[in-house]
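Labels A, B, C and D are assigned to the chains in the order they are written; within every chain, residues are numbered from 1.
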Amino acid sequence: MNLVRRRALVPPSLRTASAVALSAIVAVSVLCTGVAHAAGPTVTGTGSSFAALEIEQWKSDVANEYDIAINYQAGGSTQGRLSYLNGTVDFGASDIEYQSDEQNLINASSRKDFVYVPITAGPVALMFNLTGPGGRISNLDLTRSDACRIFTEPEIKWNDASIQATNPGVALPDRKIRPVVRNDGSGTSFVFSEYCINVAGDVWNAFKTYVANNDPDQNSIPLREGKPVSTWPQGIGSATGATAATGVAQTVQLSPDTITYNDAATAITTFIDGAPSPVASVENAAGAYIKPVPAAATIALGYAEARANGTFALRYDGADPGAYFPSTYSYVIAQTSGFDPAKGKVLGTFLNYAVTAGQRNVEELSYSRLSTVLVNLALDKVQQIPGAPARPTDLAGAPPPPDVLAGTIAAKGAAGAAGAAGGIAGAAGAAGGAAGGAAGAVLTPEQAKAAAAAAEVLAAQAQAASEAEAADQSAADEILAVQTNGPGGREVIFTLLQGALLVGLGVFLSKGVRTSWQKK
Amino acid sequence: MALTSPDLQALEEQVPRDIARTVTRGDRIFRTLCASAAAVSLFIIGGTALFLAIKAVPALQKAGLLSFFTTSVWNPTVGDFGVLGLLIGTIIIATVSLIVAVPLAIGLALFINEYSPARIRRVLTSSVDLLAAMPSIIFGMWGFFALQAPLVGVASWLNLHLSAIPFFRLSEPDAPLLRSSFIVGTVVALMIVPIITSVSRDVMAQCPRSQCEAALALGGSRWGMIKEVLLPFGKAGITGAVLLGFGRALGETIAVALIIAFTIEANPYVLEQGGGSIASLIAIKFPEAQDLEISALIAAGLALFSMTLLVNLGARAIVRRTQIAA
Amino acid sequence: MRLFAEPRLQLEVDVDMSLLDERPLDETPVPEAPEQEPIEEQVPFRPRALVRSERVELLLAVASGVTGSAVMCLLFDWTQPLTFAIWALLLFLGSTYLLARDSQSPIVATDRLITTLVWTSGGIAVSVLLWMLGYVVVKGIAGLNFEYLTSDLSKVGPLDDGGGVFHAIVGTLEQMLIASVLSIPIAILTAVYLHEIRGRLAGIVRFVIDAMSGLPSIVAGLFIYTVWVLQGRGPSGLAAGLALAILMIPTVTRTAEEMLKTIDDGLRESALALGAPQWRSVMQVVLPTARSGLITASILGVARAVGETAPVLLTAFGSSSINWSPFNGPQADLPLYIYQLLRQPNPAQIARAWSGALVLVLLVLILFVLARVIGERGARVRGGSR
Amino acid sequence: MTTVQSPQTAETPAANRQVVSSEILPEELHPSSRIDATDVTCWFGKRKVLERCTLSMEPGEVTALIGPSGCGKSTFLRSLNRMHELVPVAAIAGTIELDGVDIYSEEMSPTEVRSRIGMVFQKPNPFPAMSIADNVLAGLSLSGMSNEDPKALVEQCLRRAGLWAEVSDRLNEGGMSLSGGQQQRLCIARALAVHPDVLLMDEPCSALDPISTRVIEQTIRELCEEITIVIVTHNMQQAQRVSDKCAFFLVESIGDPGRIVEAGPTTQVFENPSDPRTYDYVTGQFG
């Protein structure tokens, strides 16, 4: 037996393979440990698809400016509220506060200490895809009742007498309206149903009766009680469902005769036939037909009433002729105790940016700017997050609360809910309106001049602010500093790895080809 | 040692002796290792099934087993849910896909095995296998963007010419045809074609050439040979392959979720927008699911799993039987 | 006892197996007949080629199909091109049958009809494959460049250009690694247990594996989501890897068992006859002989898992920035990346999704070619004609 | 063995013939037909396996093709009823005439040729999914014929194949339940059911035991009165026993195609071969 020299029977190719595998693992682990991408941990959030585009924009801004990573996946406000509670994400985003039937979930959760940070506001647009006998229709006026009938009346047609009466110059087709609604839990659905309950109660009651008669099973309790619904009843009439604001927008984009409700940002970034999707002008309490533009939403939200927890009860009956209803706020739900301070630092930095400097460009995406009142409110809330950075002093030129006409209810008081003086900044408020191109606002030349002057002042302030920010940021960087190789190093290593992989693959393949060739 | 059983009295009759099986330590370790690996798979996999069953109980209790399978609602917040519509929707989609896929797959298998020129046969076989490995999301997105428009054409053709068949009717003349069960079914069909093809091709290839030649030598045409020899030979295997494809079609998630306009209730108008399947229900509803709804989703998953389980076991049994016979 | 085995044994094995090359006559890969004239002026005649009368009939059938369908479309004012195509196909098939029936016999006609049908379905299937791959390539190639491959989406706003897929590739590779490390050893050992040891559990294990090989992938995802993600651990690459491992175990086990079945029993017996204990015969004869088959099985398992979207959707959550650590925090993954971008109506995002799809297709293609090359080499070693 | 040379055979019913009638093969030429192969050359791809083989197979005779393995006997045989072309890369030159009509001409469909010229293979291959009776009748449905009295046809064919007595009581059992020799005779019966004019047999007994072989040889002798038979065999004694005429195939050196070295009456080939190589082969000097 001893005469036979024995060696482990590992075939050479297996040895090569294990060597390659080993070196790959080593390379990957070197990359993992040596190259960190962002300073600090990635903070993950989910929820509101209404605010998603803006959050995506801020996420990219802070990644560029502060080198912090925010990961946001839009999935609907309900998902935002619930995922926050079950701990799968660091923060949630929702257009509405927790509902009464969710209270037991809050009680059961370990994350019941949280604040609502208002981050954005904007109009709920009715985007549609419609071609009439005279070609594509891009202007459509809807009365409040018609806007709701479209989504609740099963057999309504585009050339419905009432719709046609509102749009005398438009040749509407004799086809069924195919509303597209959200099939996931959505703050936008909630706001829109709340709007209908408030402005077209008879339509909503007819809807309730219809639902109860035609589909008793679907009759969810909130709907039965006349409360707004996050999950729009499914399978009623000719409505189809789709997931998230992007989902309904995509459905409208692809299907003719459709209309949906979603955030104006998604609506205007969805292209139909090469042009941004048309959106309907909706009648307000004053009887004016208003496009869903930021300034109009600002005015509409001026009627909202603050609640104790920092959210707002929306009102849909403001008397201002420039207001666009339905409009809504969106909030981030952030944990205040028990939160990892490192993550709190990142989240705080992000939110501070979002409500101050981040607000400068929101109108490009059809969101409205938050007023000083709301920005201050938000910054206060951010301070409650563990590890949050210092409160920025500069508000990046946030406009004062809008000066709105008194509505059926004491609307002005609502606007100044936090107790700030509502009346002082008429000119600046109008400036915001002018910048947004508010359809309904009528400005005198003096007001416009004043607005321009105010804007200049604001711009100067903004410059100062950004300098201050830069200082802030360097400080933040110091605290958050983790060795980063920078993109250069990472790319080099990656390229090398990629090259090695390709070479390895090539060698392997050529070996295979050669052996098979030799065989022949 | 010889064992004498009491029944065997006759001395002449020999009794088999016991063979002492000594197992070396190495073998024992080896066997234990393999057995524990098997046990781990068993545990993981059996555990999954068991866990799903246990987790589904609260939902089924709340909704009632009967009502869970006989209603089409999804209001988990009030404990009211049922998957009847989705079960029907799942079956509709899978059936549509089978109707489209089976002729195509068997035709393709025959083409590869019997008709194609020899030099492209290997290429075809590889392509089919590659297609079988193609991710479903690729099929889904391609179906969504490239295939919908032509399929709407097919749908309107079917409706135009065959509306005598209830299957091809529309609820109203200008109903939207995008995102329908028919389109989803067709996309899923293209996904299961490679699976059915590659299994039935394997089975057909096992048919002894001598018998095929005998059929030809008797004056049979190629189709005669296929009909009389090849298909009877491969019948069980092909059935198994079709069932495998059916199982896959039942469980397909992403392509369905991506394309279909999701509804909880069954949509009997196959060509028309709207429909649903259990898998897409889970994909759409899980993010906002809590407690009872999770349990309800698991119950729905369990229902889907049982359905695919039955189909798959049937398929395996049939395929295995043919393999043994061959 | 022996710690090492003789290399000779394996050599013998290889030789043995290569003798078993037995292919059906029909599949002998003989090169094509040349058109050159053989000596003595005899011209080879290929009886299978279409004869002239058949060609004429084919042309006639095509012509009658097209014209008939055109006439119908004109008469009934059908404008859909598909209506025309479908009718043309039906008329073509009908006239093929009738022409052959007229000139030959019903048997020949049926045969020709079926031949046409089979060619049609083969053509449809092949063109669908080419169409799909071509579509993905055409749509995806535009966005595929170095920047796309090496950057993530963290610094890209909703309307910006740029951004890439790097984070998703990293996520995919890490999740695949985790899933493979977890599932492949278990799966192969289980296959050995099923086919080599045939222990008491074999029946039930095989049953369960069979049953679970049809497990809808979303159910596997739901399982991990419930027992892992919701239990305070949160979404992570590891969770995705676990879900994919659950899906891979049955696939790999089944394929591996099939591979072990192709090994001739004589091999095992000859190893045992040399005095090797079972574990040696398995580890040093059976497994090395089946090695390439097992690698193929594993790669095919990976190729299937790499394209799974549904389980990852529930477990990895997705991310727009790179997350190197699969154990901590949400991670992206190629199918998920595609899925999430696809659902946005924004053309830039959809273009990114197509490029991601192209990357994914390439990844699957590489895995597939690897499996093929290794598998073929193994088939040569074993001398099988699989 | 009860081999019944039955009276039924005599009335080989023209009534039963449902073969597509054609002018090429008029009825009066039956019961036997002749095959004339002229300058047949066969290729598999580039490889030429058979070269310029000329052989006439006369009506009512048994022609045996003999020669060592790989010399192209089977290829020649398969080219006689167009089975050769089933291999995708196969090509052929020369003419093969059945009663003066070239079977490779454009007007002839292979299926018709094959139903005229039946074939029995080396290994018995009854269709496993069919019963014994169905196996016999398989050719009818395959080649599109019909028969008014299938039962009678089954009996007649089984009798002619010498199998009736053994299986008459279990016609509905599976074809695979028979022994090897019985299976081969079942295959012969199956081939007879379509009323071929010529029957090709490719080493029909090589997989069988001597007793089955004898029965089949007897069957062959009986059948040759009405059907022209061509048989490939490795067994010299068998060739001597059953054949009237013999053709000796040979590959002269490796890589060459096979050629017919000598053909003629069996007695002459075996007892007085004109070619020394034939002599060597039939006397067992090589091969």
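Assume a residue touches a chain if its C-beta (ideal position, glycine included) is under 8 Å from a C-beta of that chain, and two chains touch if they have at least 3 such contacts.
Bear in mind that the values here come from a model prediction, so they are computed numbers and not experimental data.
*Asks:* Which of the chain pairs holds the record for C-beta pairs in contact?
*Replies:* Most contacting pair of chains: B-C.
*Asks:* Could you put a whole-Å number on the gap between the CA centroids of subunit A and subunit C?
*Replies:* The mean C-alpha positions of subunit A and subunit C differ by 39 Å.
*Asks:* Mind checking the centre-to-centre distance between subunit B and subunit C? Centres are C-alpha means, answer in whole Å.
*Replies:* 16
*Asks:* Report the inter-centroid distance (CA atoms only) between subunit A and subunit D in whole Å.
*Replies:* The separation of the two C-alpha centroids amounts to 82 Å.
*Asks:* Which residues does subunit C have that touch at least 2 chains other than itself?
*Replies:* 25-26, 32, 107-108, 111, 230, 343
*Asks:* Mind pulling the subunit B residues that touch 2 or more other chains?
*Replies:* 118, 221, 224
*Asks:* Which residue numbers or ranges of subunit D touch two or more of the other chains?
*Replies:* Where subunit D meets two or more other chains at a single residue, that happens at 86, 88-89, 110-111, 143-144.
*Asks:* Each pair of chains that touch: what are they?
*Replies:* Touch list across chains, by label: A-B, A-C, B-C, B-D, C-D.
*Asks:* For subunit A, which residues are in contact with subunit C within the complex?
*Replies:* Subunit A residues touching subunit C: 1, 4, 6-9, 11, 14, 25, 28, 31-32, 35-38, 41-42, 44, 46, 52-53, 56-57, 59-61, 63-64, 69-73, 86-89, 243-244, 246-247, 249-250, 253, 265-266, 269-271, 365, 490-491, 494-495, 498, 505, 508-509, 512-513, 515-516, 519.
*Asks:* Per the contact definition, I'd like the list of subunit C residues that touch subunit D in the complex.
*Replies:* Going by the criterion above, the answer is residues 25-26, 28, 30-34, 38, 40, 42-48, 51-53, 104-108, 111.
*Asks:* Quick one: in the complex, what on subunit A touches subunit B?
*Replies:* Touch residues, subunit A against subunit B: 46, 75-76, 78-79, 82-83, 85-86, 101, 105, 175-176, 178, 183-185, 217-218, 220-221, 234-235, 240-243, 251, 254-257.
*Asks:* Using the touch definition from the top, list the residues of subunit B that touch subunit D in their complex.
*Replies:* Touching subunit D: residues 117-118, 208, 210-211, 213-221, 224-225, 228-229, 232-233 of subunit B.
*Asks:* Over in the complex, which subunit C residues touch subunit A? Could you list them?
*Replies:* Residues in contact with subunit A: 2-7, 10, 149-150, 152, 154-160, 166, 173-174, 177, 229-230, 232, 234-235, 284, 288, 291, 317-325, 329-330, 340, 343-347, 366, 369-370, 373-374, 376-377, 380.
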